[in-house]
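Residue numbering begins at 1 within each chain, and the chains themselves are lettered A, B, C and D in the order written.
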Amino acid sequence: MFEALFLPPLAILLLSFLDIAKIKRFLPIVSAAIFIPVLFLFASDHILYYHDLIAVDKLAKFVLLVSSVVSIGVTLALESLEKHVAIDAKDYKRFYRFFALFWIGMIISVAANSMGIFWVGLELATLSTVYMIKTNKSAFAHHEAWNYMIVGTIAIALILFGIILIYAAAKPAIGEEAMLFSALGAHIHQIRNSYLFEIGFAFVAVGSFVKMGFFPMNLWLANIERAAYYPVAALFSGLLESAIMVGFFRFAHIAKKLNESHLIGFTYIYALLTLFIVAFLIYRAKDFMRLFSLSGVEHMVLIAIFWVSGGYFAALLHFAAHAFLKPALFISTGVLESKGKYHIAGALRGYKGVKGTLFFILVGFFMLAIIGLPPSPIFFSEIFGFGAMVEMAKASHHLLLMFGAIAFMLLLLAVIFYKFVEVYQSMKYEGSEEPKEVYASEMSALALFAIALLALLVSFDYIEHIV
Amino acid sequence: MTNFFIGMFLSTLITAMLTTRLYRLIAWYAVNSLFLALAAMSEAVRIQDEAMLISALLTLVLKSALIPYLLKHFAVKFQAERNITPSIKVQYLIILIPAILVFTFYLIDPIIAGAAKNYISLAIASLFLSLVLMIEHRNVFAKVIGFLSLENALFLLAMTATEGMPMLIELGIFVDLLMAVVILNLLFKKEASHV
Amino acid sequence: MFTFDTLSLLFVLFLALGVVPNIFYAWGYMDHIERKGHFLVHYLSFILSMLGVVLSNTPLAFLFFWEIMSLTSWQLILANAHEKGTLPAARLYFFMTHFGFVFILLFFLITSDGNLSLSFSELHAIAAHFPYPTLLFFLLVLGFLSKAGVVPMHVWLPYAHPAAPSAVSALMSGVMLKIALYGFLRMLLEVLYPWHLEWGVVVLIIGAISSLIGVLYALSEHDMKALLANHSIENIGIILIAFGMGMIFGSLHLPLLSAFAFIAGLYHIFNHMSFKSLLFMSAGAVLHQTHTKNIEKYGSLIKTMPITAANFLFAAVSISALPPTNGFLSEWMIFQSLLGSSSISDIILKISIPFTVFALALTGGLAIACFVKAFGITFLGLHRSHNAKHAHEVNRLMQIGMLSMAAVVLALMLFAPLFLHLFDDALVPFGLSDITGRITPTFWSIHSIAHNGGVVSPLFLTFALAVVVFALDYAAKLLGVRSRSHRTWACGYRTNAKMQYTATGFAGPIRRFFAWLYRPEVHFHKKTVAGHTTKFTSALYDVHIKPLFEASLYEGTKKALNVISYWVYRLGHFEQVRYGAIIFNLMLSVLFGYRIIAHHFSWATLVLEAVILIASIKILVIGDKE
Amino acid sequence: MIAYILWIAVMVLTAPLFLSLIKMIKMWLLFKKPLSPLQGYRDFSKLLSKEVLISQEASAITHIAPYMVLAPLVVVLFLLPPPSAKSFFISFTDAFTLTGLVALSSFFLMLLGLDSASSFGGIGSSREAFISALVEPAMILVIFALSLMAKNLGVAQATINLAHHFPIEHLASFAFAGIAFFILLIAENGRIPVDNPETHLELTMVHEAMILDISGWYLALVESAAAIKFMIFASLFVSFFMPFGMDAPFLVALLIFLLKVAFVAILVALIEVNTAKLRLFKVPNLLGLAIIFAFLSLISYYILGA
C-alpha cells in the first residue's frame, strides 16, 4: 500500500518529460491524485515496511494527509500562476518535474523510521526546491537560490552529522537497529554514552532550526520566500517545513526520554531568541511575503515549543492549522500583490463579483485566524499549547523563571498580533480601491483550505489520539 | 594505517584552506577525498566490512575523480574567477585552526572512552574547518568545495565512529550528492558565479 | 460548560436591561450605517458573546466567548472605518484587549493545571495550592482591568468607544466594560480567595486614581463621545473602589461590611450601565443629526430635539451623582462603606481610605462641572453651527430606545431596595453575608450597614422634591405670574452664537487649576491692528490636551518598540551576508553550552569559552573594516 | 410636630432677614446709611408683582431651573439638625445627601446661566462649576470628619451627640473642621472674598452672572434659594460648632438658634468688610486651604485620634 504513494509523483515526473501541448492541464489532476493513496493508507493498519525502515504510523499518516491537502491546494493555485507572473510552458513542466521529486522526498522523510532514510528524503526535498526557487528568473531569485543552496545544504549536513553521532552513541548498546527511531525510543535508557547522544541531538536540532529559519537565520528564509513565486513559498511553509518538523518531533521525543531538562532549556532559549527577533522583524515588515514567512517562523517556534513541553495535541493541531493557513495566505499574496509588492494599504479592496467577494471574506478570515482568534484552530492550539507549557513550568524547579519566559513569549506574540491587526485594517480600509482580478483556481484552493480548517475543528478527538 | 590516512586527510584539508587559486583548491579537494577513501579502505580491511569497502570505492571514483573533474569542467565552462583570496587573514587562521582542534578535543572529553573517541573529535574538527573554508571565500566554486569537504567530514565520522552506516543510507547519500551536482549545474547555467 | 447560578443570572438580567433598549436604538440607527449586513452580524454576535461570557462555567468557554466578544466589538468599531482616527483607535483597542487576554489566559492556565474544561469552582483548589497567589491576583488585574479600562491601562478607551457607531458605543461603554468587571468579580469570588489585605488596597487605589483621572480628562474633552468614554473610566474607578473595600473588609473578616461594599459595587455597575447607555444614545442622536462629535458645534438642540435633551439631562443628573437619582444612591452606598472602616486599625488603610474619600468627592464635584458643560453647551443657548441649526428630533425607534433606557434608570432609582435585594441574593451563594434585612428593612429606604450609619430614601427624596416643585408652581399660578419674551440683554449688542461661552472656555478655570496635569498646548493666533496688542480683527484660540498617560506610557512603549525593532532589523540585514559564519558560531555556542551545562559546570571554563566565542564572532562574523 | 413645622417656617421666613442683616452691618461699618433689615422682604414682594421677562433664546430649562434651584434647598431644610434635642423628627440624612441636594440646586443654577446664550451666563456658570467642584470634596470631608467624631453618620443625630458629649479629645480635628467649614460657607454662598454679591461687573460676578437674564417670579425663587442656602450653611455651622443650648425648652432653643445664626451673619459681614474680593484664580488657594483643613481634620481624627 505504501508504494502506491509514489505512483502519482512518478507519473508527474514521467509526464513532465513528454512533449505534449495539453500536458499543463493534465499535471494538476495527477498531483491531486496524491490524495487517494493517502486515504488508502488510513484504511490499513499496516505500519512497518521494508525491514522497519519505513513506519507509516499515525503521525506519518496525519502529516501525509495534511501535506496532500496542501499540495492539492498549491497545484490548484498553480493553474493561474501564469496570469500573475511571467512563466512559460517549459518552466512549468520543469517546475512540475522538481515538484514530483520534492514529493518523493517528502514521502520518504515523513514516513521514514530510519534516521538515515529520513535524511535522504529531506535532502532530496531540499535540493529539488532549489530549482523551484529558480523558476523565478530575476537576479534576486538567483541570488537567493544560491543562498538557499548553500545554507540549506549546510543545515542538512549538520542534521546528518547529528544523526551519525546519535547512531554512534546508540550503536554499542542497540546494534545496527540504532538507526531506527522505534528502536531508539524503546531502548533509549540502555545508552551509556548519553553525552554523545546529546551532542548529536544538538547538531540535528541546530540543523533543523536553521532550515526552518529560527534565530539567527530569520531573514534568510523570508528573503528566499520573497524571491520565489508565491506557490513555492506556499510549498515551503506548508510542506517542507512540515517534513523537518516531523523529524524534529521524532528526535525530540527520544531526547526527552533521555534528559528532559536539557531539551527544554535548549529549546526554550532558542525559541525565546527566535521569537524576539521575529516579533520585531514582523513589526517592521512592509510586504505580505516577508510578513507571512516571518510569521511562519513564529509558528514553527510555537509548534516546536509546544511539542517539547508535552503539548502533543496542541503541537499537532497547530501544525496542521498552520500548514493549511500559511499556504492559503501565500497563495492569496499572488492576488494581493497584483498592484505591486509594497501595496499593503487597500490590498483587500476592489474585489467584485462572487469570486471577489468570496476571496475578500476568506482572506479576511485567514488573516484573523493566523493570529489565533476564535474560532480558528490556532486559538485552541495556542491555548492548549500554553497550557502544556504552564503545566510543565509548574512541575519544574524554576517556576518563576519559566513563567517569566512564558509571559515574555506571550507579550512577543502580542507584538505580532498588533502588526497583523494593523495590516488587516490597512489592507481592508486604507488605500485606494483598485480593481483586482481573482481566478477560479486560486479561489478553489482557498476554499479547499478553508474547508480543511473547518474539518480540523471537528477532528480534535482524532488528533488527540495520534500521540 | 588508518591513523596516517586520517592525518593526511586533515592536513590536506588545512592546506586547502590556505590555497589562493581555484584549480589548486579543486586539486586539493581531490587529494583530500583520496585520503578519505584510502582511510576508509584500510578501515574496511581492518574490520572486514564489505559495505564500507564499496562506499570507499565509490568515494574514490566519485569524490576524488568525477566531481573534481566536473567542477574543473564547470569552472572552465563558466569562466570562473581563478584567483580566490580568503577573506579571513592568515594571521587569524593561524589562531583559528588550532583553536578549533583544541575545542573539539575539549568538547569530546566527557565521552566514555572508546576506540573512536579521537576520530569523532577529528571529524567534528574537519566539519568546522570545512565551514571555515566556506566562510572564507566569496567565490561560489570555493564555497562548493567547502560544502563537499563538509560531506567528506561526514563520511569520516560515519566511517570511524559507527564503523560504517547501513549500506542503503550510504547509497542514498551518494545519490543526493550527485543530485546536488546536477542542481549546481543548473544554477551555474544561468548567470554570475558570485554570491 | 455553562452555569446558571445567581451571579450569572444577575448578569443575564443586566444584559437584558442594557441590550433590549439598545436594540431598538440600533434599529433606528441603521440608516446611518453603510455595511448593514456586516454590522448586524457582528452586533448580534457581540451580544451573544457577552451572554456567553456571563454564562460560561469553564475557562475554555469563557476564553472562547471573551475573544469572540473582542473580535466582534473590534469589527463594530471598524463599521465607521472611513472616519479619521477610527483605524488607529480600533487597532489600539484590539491590541489592548488581546494584551488583557494574554493575562487572563495565563491565569486560567495556571489555575486549571492544563485542563481548561474544569468548572470554575474546581479551579479554587488548584489556585489555593499555587505558591504565588499574588502573582495570580496581578494576572487578574492586568487581564480583566485592562479590558475594563482602569488607569493606567485606559489609553485606548477614549479613542475606541467614540469611534464605534453610537449604539455600539453605548453597548461597549455601558455593558462590555462591566462584563470585564464581572469576570474579575467571579474570579475573586469563586477561584482566588481568601484575599490578601494588600489586594484590596491595590484595587482601592487603582479605583481612586481611575476615577479622578477619568473625570479630569473628561472635562478637557471637546469630543462628545470621548467625554463620555472618559467618564466610563471614572465610573469603573468608582466601582472598583467599592470592590476594593469589599475585598478589604473580606480579608479583615468583616462579612457584613464586605457584602455591603460588593452590593454597592454591583449596584453601581447596573447604574452606570443604565445612564452611560442613555448618555451615549442621546449623544449618538445628536451626532446622528449634526454629523459632528465636536461639542463646540452644537447648541440650542433642546428646542429641536426635546426628547433627546430630556433623556440626556436625566442621565447627566444621574451620572453626576445628584440626589435622588440612582447614580447618587450607589455612590452614597460606596461612601457609607468607605466610612464604615473607622474601626480598622491597619495603617495602610487609615491612609488610603481618606484619600479615596477625597478622590471620590472631588470626582463628584468635577463630574457635575463636566455635565453642566456637556448638557449646557450641547443643548442650550444658540446653535453654534449650521448642522445644529437644521437638526431635528431622531426617528421613533431611536426615541423608543432612549426612553426605555430612561425607564431602566428610573426603575433602578425608584426600586433601588428591590434591586439591592437581588444583588445580595446573587452574592450570598458565594459566601457573602445575607444583609438584605439590615440594609433594606422597608421598600422605600436604604440603610447603611455601618454602625450608626445614615439612611437614604430615593422615594422620599423624589416625592419631597416633587411636592416642593408643585407647591411652588401652584403658588405661581395663584399669583398669576405673567410672562413676556424678549431677547437676551447683551450690553446693547445683538446676541449671537459667537458671543456664547464655548466648552473650552467653560472648562477654562478648571483646566488652569489642573494645568500641571493637563500640560495643555495652547495655540493662540490673532491678527492685530497696526501693532496694537489689544486690537485685533480676528483671533483663534485653541487648546489641545494630550493625556499624560498616553504621552508617557503609550508613546513610550511605541518608541521603545521602534528602537528595538530598528536594531533587530539592522541585525537581520547584517546577518544576510555571512550566513556560513553565523552558523559556525551558532554551532560553536550550542556545543559549548552542552559541554558546560551537561558536564561539570565551572566558571573558569565558562569565561574562557565566552572569550573564545567572542573572538570567533569578531573574526568570522564581523570581520575587519574594509 | 407643631414645633418642628414652626422651626422650618421660622427658618424659611427669617432667611432673607439674615442676608439683609449682613448688608446692613456692612453699610454701617462703612459709614453708609444702613438699609433696613427688612429690605430682603421688600425686594421679594417687588419681584412678585413684576412680570416675568424671558429671553427669546431661552428654552424649557429657564422654566424648570428656578424651581429645581429652590426645591432641593427646601428639602434640605427639613433634613437639617434641629435646634432642640427633643425634636419631633431627627433627620437620618448624612453629609453626602445634603451635599448632593445642594449640588443639585447649583447644577440647575449653572444650566440656567447657560440657557440664555448670554456670555455673562457662561461666565457665571463656568466659575460656579469651578468653585463648587472644589467645594464639594471639602464639604464631604468636613462633615464626615465631624460625623465620625460625633459617632453617627446621620448629620442630625451627630449634632445632638455633640451637644450631649462634646469630644474634647478631638479638639484639634474639630478646630480644623471649623475653619474649613467656615471657608465653605463663604464660598458656597458667594460672599467676599470668593464672590461679590453686590456688583454687576463681569470681572467679579459669579452668582449674579448666572441669574442676569431672569426676572420676576423666577428671580424671586432664585433669590430666596440664595437666602435659604445661607440659612442652611449657617445652621449647619452653628449645630456643629456651637452645640449648646439644645436641651432648653423648644422656644428658648429656637431663640438661641436664631441668635447663633445672627452671630454667624455678623461674622460673615466682618470678614466681608475686612477683605478684598479675590481674583478668580486665587480662589482655589482659599478653597485649597479648606480642603487641606478638611483633610487634616479627617486624618488627624482617623489616624492620630486627636
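Everything that follows uses one rule, which is that contacts are C-beta pairs under 8 Å (C-beta built on N, C-alpha and C of every residue); 3 or more make two chains touch, one makes a residue touch a chain.
Everything quoted here is computed from the prediction, not taken from an experiment.
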Could you see whether B-C or C-D has the larger number of C-beta contact pairs? C-D
Measuring between Cα centroids, what's the chain most distant from chain A? D
How many Å are there between the centre of chain B and the centre of chain D, using C-alpha atoms for each centre? 100
Note: chain C sits from chain B at a C-alpha centroid distance in Å of 68
Chain centre separation in whole Å, for chain D relative to chain C (CA means): 35
Roughly how far is chain A from chain D, going centre to centre by Cα mean, in whole Å? 77
Could you tell me which residues belong to chain A and also touch two or more other chains? 147, 150, 154, 195, 199
Flagged in chain D as touching 2+ other chains are none
Two-or-more-chain contact residues of chain C, please, as numbers and ranges. 580, 583, 587, 591, 598-599
Would you please name all pairs of chains that touch? A-B, A-C, B-C, C-D
Chain C to chain B touching residues, read off their complex: 578, 580-581, 583-584, 587-588, 591-592, 595, 598-600, 612, 615-616, 619-620, 623-624
Of all residues in chain D, which touch chain C in the complex? 48, 51-61, 67-68, 70-72, 74-75, 78, 92-94, 96-97, 100-101, 103-104, 106-107, 110-111, 113-119, 121-123, 125-127, 129-130, 132-141, 144, 147-148, 151-154, 157, 212-213, 216-217, 221, 280-281, 284, 291, 295, 298-299, 302-303
Write out the stretch or stretches of chain C touching chain D in their complex. 300, 302-303, 306, 317, 320-323, 328, 331-332, 335-336, 339, 342, 347, 350-351, 353-354, 357-358, 361-362, 364-366, 368-369, 371-373, 375-377, 379-382, 448, 450, 452-456, 461, 464-465, 468-469, 472-473, 476, 479, 481-490, 495, 497, 499-501, 505-510, 512-513
Where on chain B is chain C touching in the complex? 87-89, 92, 95-96, 99, 103, 106-107, 110, 128, 131-132, 134-135, 143, 146
Can you name the residues of chain A that touch chain C in the complex? 147, 150-151, 154-155, 158, 195, 198-199, 202-203, 205-206, 210, 216-220, 223, 262, 265-266, 276-277, 280-281, 283-284, 368, 373-375, 379, 383-384, 386-391, 394, 399-400, 403, 406-407, 410-411, 413-415, 417-418, 421-422, 425-426, 428-430
